[in-house]
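Look at the two complexes coming up: chain A is in both, with chain B in one and chain C in the other.
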Partner chain A sequence: MDEFLFLRQEVAPALMSGLWMSIRLILPSAVCGLALGVLVGVLRIYGNHFLKALVGTYVLFFRGFPLLVQLYLWYFGLPHVGIYLSPYMAAVIGFSLCSAAYHSEYVRGAILSIKKGQMMAAKSLGFSHTGAIFYIILPQAIRRALPGSGNELIYLIKYSSLAYMVTCIELTGEGKILASAYFKYMEIFMIVGAIYLLMVSLATWGLNRLEDFVAVPGFERIHD
Partner chain B sequence: MKKKSLRMIALIITCMLLGAAGSAWSGAKVYINGFDAAYPPFTFIDKSGKPAGFDIDAVNWIAKQMKFNVKHQPTDWAAIVPSLKAGKIDFIASGMSITPERQAQVNFTEPYWQVIQLLVVKKDANLTVKQCLEPGRKIGLLRGSAESKWLTDHMLKKGYKFELRFYDTTPLAIEDVANGRIDAAAVSNTALKEARDKGLPVKSIGRYGQPDVNYGYAVRKEDTGFLKTLNEGLRKLKASPYWQELIKKWDMK
Partner chain C sequence: MTADEPILVVQDLRKRFAEKEILRGISLQLHRGDIKVLIGPSGAGKSTLLHCINLLLPADDGRILLHGRDVTGFRKRRVYEYRQKVGMIFQDFNLFDHLTALRNVMIGLVRVKKIPKNEARRRALRELERVGLAEHADQYPAELSGGQKQRVSIARALAMEPEVMLLDEPTSSLDPELTGEVLTVIQDLAAAGMTMMMATHQFDFAESLANEIIFMEDGAIVEKGTPQKMLYAAENLRTREFCARIHGYWENPER
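Here is the complex of A and B:
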């Protein structure tokens, strides 16, 4: 078959649909993962004993189990207790929960870096404990967590490539199917890799813009 | 004390290096058989973690008869042909269908087994083959398999609108039929028998149109000498009483 025709008729449509599925996996997982991660990070510092133990266990398990094993448990394990997740749902839940566990660590570190005086000052101005966390501590902490959390988002783009293992065929899955059907491993995986590189570059650019956008004048970051 | 333990470690590492080199030097060439770790009864990893199955036993017998050494290496099925071509493995004896696409890439021995490709549904399902191929139906199968290529080329590209779900292994696809998440799975009659023997509530509803396929061992195109060896070994095996023993042992009929 003519190489160009092959690329246009077979490779491009399959990879495009795979890419679309990848994006549909990454965006909700990124949003849910970050939101849950912030919540878990806050609870790990300010929660009561019970909550601290609970979220601590959560982070231990979701960082400790390999992501692929987690996905298998969500998809092939849960039917044994009568819960049937679609491949897409299993993947999004798996990615969100795993991602949140990592985000929570970045957020926790960032909260710890905010000086105690901030909390005391807020309280002396009449903020409640919860109010001080949400209006004073978190806005500063999230800005500091951003570089680390952005790193996690970039990981997420790449670990979305595990979804095909639970039959949610995204970019890597389409690539594998194409490659094994036409025996063109090198060519197809080079294209697939380049698409991930492009996505990661876009995300990096976006995250840098976001960091600039949320930077507070007067609290300038040190530029080199 | 510290010095002693350091010396111990150095000794152990040296022994390991020598051991690795030693096994590479000793005796006849070791041919590596790449196999699917989840394709019982042909090839699988048994409870003790060792390769087992009809093809594994057959190859071990042939290796002994034809005087070569063999090592069995579990390999990702979707990448097994390139693994062979890249020299990571030397042949594939793992219930591999002989297809024209694969024949363009590698050589096959003469066929040693014939299988029927079936659609498998849940035991209590009231589905016909025709209904399973209707728009919106979900059919599961092994990623990178001959049946996935056939269904794509001969059905999906000819206007059928069912959905294919690609699984990492055949048993996982059958498991999801039993789970009720997909309507049917396209598998071989031997894979179905294996699943039923394990107690999965599934049944066959017949052929879906793919011609019956033959299994053969695959070798690299340039390894004509080894292909001859394998063919001769297969002929000997089929002529010996061990062949019937194997069929009985793995309950193939």
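Here is the complex of A and C:
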């Protein structure tokens, strides 16, 4: 009974507020990361020399630096040049930029898989270059990028736990505080892990529904 | 504009890829209602010529005039406007794979011509009816046969109301039993007075439809003339050989 009370009065409220913070980190990072990733992916293929070099360097650095190092730079590094970010903002910016770098690779690969004739046909109808990319190439490429980008979203759910390293206390952070206070590492982190598993399962289910929803004959999916 | 003024004029068009000269000074004219057929062996430059005329490939030299205005220096918006007036049909259809037949035809109207969706849908359906595919409007390209895909692509080009149609071997990637339905659609277009330039290997079809056959080889026009002349009284030996060969082939496909 003590255990139950402990769970209800100490663990549950703390983890719930941590979970809420996690969700507040994940959702905006997922949306910004995906949007920026699509833009970067497009620029890597269709940009001019300057833009290609720029976004190429971006991807190199943001995939090359460990995410934790990136977060430290945003939160602890930027104040040295006079820019102060809240822990939350530092985490969201860090996650979005890192996530976008990975998304851009999936999008780039997907764009390359679209037949050259699609662009030519669009142009022959009078589409501008941008119009053809937006209305003809991207709707196809994003369908193809979805499995890979979905994977990146799943990954984001878990690396959001790094936010507590820059003092943004989310689910893992709350778990760490509880576990240290009561010395119940096994129990608390099993619960924390299970909550992540639940989030990932929900996201997987949602992504599968999304793939079904945008499925088009000719863009075959592997699962059913 | 007078009746005998050409719609489209190509003057001394040249194109090279790396060291290879693909077009070595092509000149021709299209008048309203003209149907010109490009024939010649693979690699003669027929497809490159059509792509250059549609400004899908930049020509290295020479001029292309639509109603007397040189379009080779056009940029951006003027290129987009020009391409709406000069429709293009591709050998491998290039239907937009993520859109139904109807939406393939609609998208240019909605996104390029900025026509409201309802009106665009009405016009797209009319074009699909014209190629006999109204009942397949909601099918995706992957669900259509090759012949049906090519007919949708013709409807898509027609919807933009072009003045000239360029057809790049429209039946070459079709099974023989599917070419007929596409040729019928092209015949209907011809009957309706559409100005066309078509690259094809179907000599018998060209013979019945074209008012001029242009024989190309190695990036140059070897000879041009009426189908009768090209088939029975060609001046150039190569033309005679080529025409006799593909004519014979299409009359006796098993040979």
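Keep this in mind: the second predicted complex is superposed on the first by the 215 of 224 C-alpha atoms of A that agree within 3 Å, B and C clash if a C-alpha of one lies under 4 Å from a C-alpha of the other, contacts with A are read in each partner's own complex, and residues count from 1 in each chain.
Keep in mind that, in the parts below, a contact is a pair of C-beta atoms (placed from the backbone, for glycine too) under 8 Å apart; a residue touches a chain by one contact, two chains touch by 3 or more.
These figures come from a predicted structure and were not determined experimentally.
Legend: residue contacts after superposition of the two complexes on their common chain; A:213 is shown touching neither chain B nor chain C. Using the contact criterion defined above for the overlaid structures, shared-chain residue A:4 touches neither chain B nor chain C, since it reaches no partner. When the shared chain is aligned, chain B comes close enough to touch A:79, but chain C does not.
Within the superposed three-chain model, A:183 lies in touch with chain B and out of touch with chain C [touch as defined at top]. Between chain B and chain C, C touches the greater number of residues of chain A. On chain B, the positions that touch chain A within their shared complex are 78-79, 81-82, 101, 105, 140, 143-144, 148-149, 152, 165-168, 172, 175-176, 179-181. Within the complex formed with chain C, the residues of chain A that make contact are 115, 117-118, 120-128, 131, 135-136, 139-140, 143, 216-219.
If you check the complex, the residues on chain C that touch chain A are 54, 56, 76-77, 80-81, 83-84, 87-88, 90, 92, 94-98, 107-108, 111-113, 140-143, 153, 156-157, 160.
Residues 76, 79, 84, 86-87, 164-165, 167, 169, 173, 176-177, 179-181, 183, 185 of chain A are the ones that touch chain B when the two sit in their complex.
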